[in-house]
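Here is the structure we will look at, set down as C-alpha cells.
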Amino acid sequence: MSAETNASSERSTGTLPQGEAVRQNVAQRQRRGRVWEVVLFASTVVGIVILVMLAFNIVNDAFGGIAVQSVVEEEDLTDGRRLEDLSQPELIAILEANLRSRVLRNLERERPLAERDEGELIDIINQEIIKPEVVAIYPLSEFLFNRAAIEAELAEAFPRAELQFKSWLNWNFIVSPMSSNPTQAGIRTAILGTLFLLLLTVLIAFPLGIGAAIYLEEYNADKPFDERSPVGRWLNRTIQRAAGLIETNIYNLSGVPSIIYGILGLAIFVRALEPFTSGAIFGATEGVTANGRTILSAALTMSLLVLPVVIIASQEAIRAVPSSLRQASYGLGATKWQTVWKIVLPNALPGILTGTILAISRAIGETAPLIVIGASTFIVTDPDGLFSKFTVLPLQIYNWTSRPQEEFRAIAAAAIIVLLILLLSLNAAAIMLRNYLRSKRIST
Amino acid sequence: MTSATYDTKYAIETRNMHIYYGAFRAVKDVSFGIERNKITALIGPSGCGKSTVLRSFNRMNDLIPGARTEGEVLYHGQNLYAPDVDAVQVRREIGMVFQKPNPFPKSIYDNIAYGPRINGWKGSKAEMDELVERALRGAALWDEVKDDLKKSGLALSGGQQQRLCIARALAVEPEMILMDEPCSALDPISTLKIEELMFELRQNYTIVIVTHNMQQAARASDYTAFFLMDKDDRAGQLIEYDTTSNIFQNPKDKRTEEYISGRFG
Amino acid sequence: MADQVQASAQRAIAAQRAERVVDLRKRPRIGESIIQTTLFACGFISIFTTIGIVFVLFEESLAFFADPAVTLVEFFTNTVWQPRIEQFGILPLVNATLMVAFIAMGVALPLGLGTAIYLSEYASERARAILKPVIELLAGIPTVVYGYFALTFVTPILRGVFGQDVVSVYNVMSAGLVVGVLITPIVATLSEDALSAVPGRLRQASFGLGATRWETAIRIVVPAALSGILAASIVAMSRAIGETMVVALAAGASPNLTWNPFEPAETMTGHIARISGGDLSYGSIDYKSIFAIGLVLFFITLGLNIASRQIVRRFREVYD
C-alpha cells in the first residue's frame, strides 16, 4: 500500500515497520503495556494492603493474652473451694489469718468486717491477699498461633502465672477515668472531651463558615455603595478586592499545617485572651487552674483550623444550586437575602451538612494543635463547662503510644479502635442526614 | 488465516454485521463492501448508527464498555473481530479523523511525530522532519504552518486543526482513513479545503466518510450507503448502497428517495 | 344597561392604574445591609486568621531574636540545636524535616500517580467503586493513628530487616515511609482529577493512531495533565513538611544533623510538639523558639501552596 507513497518521493522519511515487523512491534508494545498495567494495579492495591496491615496491627495489639500471676493462689487460701462459695465468717477468717494486724485494724476502723457483705470481703481478699498482677502480655497473633511457645516461656519465668485472653477494649475501659495503671485506665474523660470539643467547634465554625460561603458565592459581585459617586465606586472596588483576597486567602489557609494553628491558639486564645478563655472575667473559679488552657480555647483554635475547609465545602454546595432557581425567585421580586434564605440555603443544605460534617470530623482526629495549646494529658475529672480542663482521644493515644511499656501500647490500640468507630459513625451519620434531607425535599 | 472467499476489490467487507451497546442492538445485519481507493459516504438520519458502523471498521467501539460486534468485518480477507486480531494493529492500518478536531496539546511537529514514534518508526532527525513535512503537505497544511512547527496544535484555527488531525493520521501510513463528520465543526471554506484534500488522498487511500451534509455526500463521494433506523427495534439498517450518482439520481428504495429529497432526517 | 356600567367601571380602573404614582428609586434596605455586612465579616475572619498567624509568629520571633543568646545568622547557619547550651541553629530541624518529606514523596509519588493513572485510565466502574472509598478511608484516618502504626509496626519491620544495630527505635525512615502513606491519597485524588479532566477525544485520537492504552496514558494523558499532577505533588509535599504526629511519635526526640535515615532526628514540627507538650513557661527562650520555628515552617508551606496554585493557573491547557 504505502510502497507507492514512499517510491514517489526522492528523500527518505525513515521507515515504519511493515508486514511481519508490525506484528512483532505491536505484540511487544502490548506486552509492555500489560506489564505496566500490572504495576499500576499493584500500586493501587498497595493502599488496600496498607489498610489491612493497619487494621491488623491495631486489632493485634488491642486484643491478646495476658499472663496473670497472684501472690497467693485462691485454692491455697480456701483449700480448693471457690471464694464465692464461702460464707461471710469463713471469709473474715481468711482475712484475719493472712493480713497484718495493722491493715486489719485500718479496715475495722473504716467499717467493721462483720458488717460487710460477702462481695465486699471477696474484693478485699482479691486486692490485699491474692493481688493478681499482669506479668506479661502477648499480642493476639502470638496468643492464638504461638500458644505452645508462650506457655513454655511462662512456665520458665513465671511458673505460677496463668495465661488468659484479654480484650483491652472493654466496657470498663470506656467508662473508667484516666489512671496511671494501664490495667485500670479508661477513656471516659477523653471521649467526653472529644465530643464536647466537637460540639463546640461545630457551633462556632458552622455558622461562620456558611456565612462566609454565602457571601463569597452570592454577594461577591454585589455593589452595595452608590456607583455614581467616586467614593461609592472606590468602596465597591475595595470590597470586591477584599472578597477576591478572601478567596485566595482561604485556599492558602487550608494548606497551613495544623500545628501552626496550635501556635496561633497558644498565643491568642490561651495567653492574650486568658481572662476570657479561662472564664476569669465571668467569675469562673475552676479556670484559674486551667490558665486559659480550656476547652473553649481548644474549640476556638479548632474552629479556625476547620473554617477554610467548611467554607470551601459550603461554597461547593451553594454553587451546585441551579441558578434558574435564583432567577425564578428574583423574578418574583424577592430581595437577595430572601432568595438566599428561602431558595438557596434549603437546596444547598444537604450538601453543606455532609461537606462540613466530614470536614469537622477530620478535626476530631487532630492532635498537634491541642498538644501545642497545652491540653491536659492526665486528668480524671469530666469536662463540665466551657472553662474546664480537658483531654481528647487522640491526645490520650499519643500519650500512651509514646510510653515504652507494652500495656500502654495495648490500651492505645484499644483507644484507636474507639476513635475510629467514632469517626466512622460520624461519617455515616453525615451521609444518612444528607439522604434524609434529600428525600424530604423531593417528597414536599 | 486468510478466508477462502474474499473480494480483492473491497478494502473492507462486512458480512451480517450486528453491533450492540449492552443489550441494545444499535446496528443490525449490515453486509456491504467498501471499494479500494474510493470515497464512500455513509448517510442517514441522526442515531441510525453511521458512527457505530464507521467505528467498527477500526475497532474503536472496543473502547466503549459493553459494546460488542457480531458477524464478520473482513479486511484483506481477515475478520477484524477474530479472537486473535489485535485492535492496536488494526488501528495502525486504518486511521481515523473525528468530528471535533482533537489535536494533542503538543506542538504541531510533535502531533505529527507521535504516531510514527509509538509505532516503532526508525530514522534520523532529518528523516522525521521530512516525514512531518510530507504529512503536512499531504494534508494541505504545510504552507500555512511551515514557519512555526513548534507552535501548539491547539493554537490553530478549527479548519487547520482538522487538517492537522488528517496529517497526523497520514503520518502512520494507513491504508484506509475513516472520517466521522470531519467538517461539521468547520466553516464553508475550511470544508471546501477538506473536500479537495479528500480527492487528493483518494489516489493513495480508501476513505470512508460519515456526513449529514447531502451536498457534501453528492459532491465528494464515489459511493454512498444510506442507513435508517428500524421503526420497531430502533436498530440501524443498511437500506441502500450504490454509486453516489445512482443514489442521488435514481434511488431504488422509496425511503432513500424521501431522505435525500429532505422529507425526513 | 348593566354592560355599560361595567364598561365605565373598567375604564375608571384603567385610568386609575395609569395615573398611579410608581416610585422605582432605590431605597435603603436596612435589614439587607446588616445581613450583608455580617456575612462579609464572616468571610473576613479568614483574613484575620492569616494576619493573626503572621503577627503572632513575627512578634514572638522578634522577641526570640532579641535574646542575646540568638542571632539571625546563627539561626540559619549553626548546625546545632541545643537550647540547654544556648545553641539555636535550625539546620538540623530543617534537615530532618526535608528528609522525612523526601522519603515520603519517594513513596507517595509512584504509589499516588500509579493509583491515579490506574483509576482514570484502566479501572472499570466497578473497580473504581471499590478502590476510591479505600483511598478516601486512608485519607480519613487520624494522623496519630499513623504515628502509632509507624512506631509499632513499621519500625519493628525495619529493624528486623536491616538489623537492630543499624536501625534505631526512633528513626527518620519509618516516619518518612508512613508520612508517604499518609500523603498518597492527596497525590492520588488530585492527580486523578487532573487526569480525568483531559478530554476523551485526545485518548480517542491516540487510539486511532494505533497507540496502546499504556502509550496513550503515558504520552498523551499524563503530559496533558502535567500541571495538575505537579500541583498535586507540591500540595502533598507541603502536607509532608507540616505533618506532626507521625514524626513526633516515630522520628525521635533529639535534634540531630544527619543524613542517615535510620538514625533518630527531630523535625521542626516534632520539636514544636515536644517543647510545647511539656510544661512551657511563657517568656522562656524555649517558648519563643517555637514561634521562630513556626515562622520558618509557615513560610515554607505557604510558598509551596502558592506555587501549586500558580502552576495550576498558569499552565492549565484550555480545551473548549
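Worth a mention:
Letters A, B and C mark the chains as written, and numbering starts fresh at 1 in each.
Here, a residue touches a chain if its C-beta (ideal position, glycine included) is under 8 Å from a C-beta of that chain, and two chains touch if they have at least 3 such contacts.
As the structure is a prediction and not an experimental result, all values here were calculated from the model.
When you average the Cα atoms of each chain and compare centres, the chain farthest from chain A turns out to be B.
Across A-B and B-C, it is B-C that has more C-beta pairs touching.
Among the chains in view, C has its Cα centre nearest the centre of the complete protein Cα set. For the pair chain A and chain C, the distance between C-alpha centroids works out to 19 Å. Remark: chain A and chain B have CA centroids separated by 57 Å (rounded to whole angstrom). Chain centres here are Cα means. That of chain B falls 47 Å from that of chain C. Of all residues in chain C, those that touch two or more other chains are 210, 212, 215.
Counting partner chains per residue, chain A shows two or more touched chains at residues 26, 29-30. Counting partner chains per residue, chain B shows two or more touched chains at residues 88-89, 92, 118-119, 172. Contact residues on chain A toward chain B in their complex (touch as defined above): 1-2, 4-5, 9, 11-17, 21-23, 25-27, 29-30. The touching residues of chain B, counted against chain A in their complex, run 86, 88-89, 92, 116, 118-124, 127-128, 130-131, 134, 172-173, 175, 204. Those residues of chain C that touch chain A in the complex are listed here as 29, 31-33, 35-36, 38-47, 49-50, 52-53, 56-57, 59-60, 110-111, 113-115, 117-119, 122-123, 131, 134-135, 137-138, 140-145, 147-149, 151-153, 181, 184-185, 188, 210, 212-215, 218, 235, 238-239, 241-245, 248-249, 269, 272-273, 276-277, 280, 282, 290-291, 294, 297-298, 301-302, 304-306, 309. Interface residues of chain A, counted against chain C in their complex, comprise 26, 29-30, 32-33, 36-37, 39-44, 46-48, 50-51, 53-54, 57-58, 61, 207-212, 214-216, 219, 222, 224, 239, 242-243, 245-246, 248-253, 255-264, 266-268, 271, 304, 307-308, 311, 335-337, 361-362, 364-368, 371-372, 374, 377, 394, 397-398, 401-402, 409, 412-413, 416, 419-420, 423, 427.
If you check the complex, the residues on chain B that touch chain C are 58, 60, 63, 65, 88-89, 91-93, 95-98, 100, 102-106, 114-115, 118-119, 154, 165, 168-169, 172.
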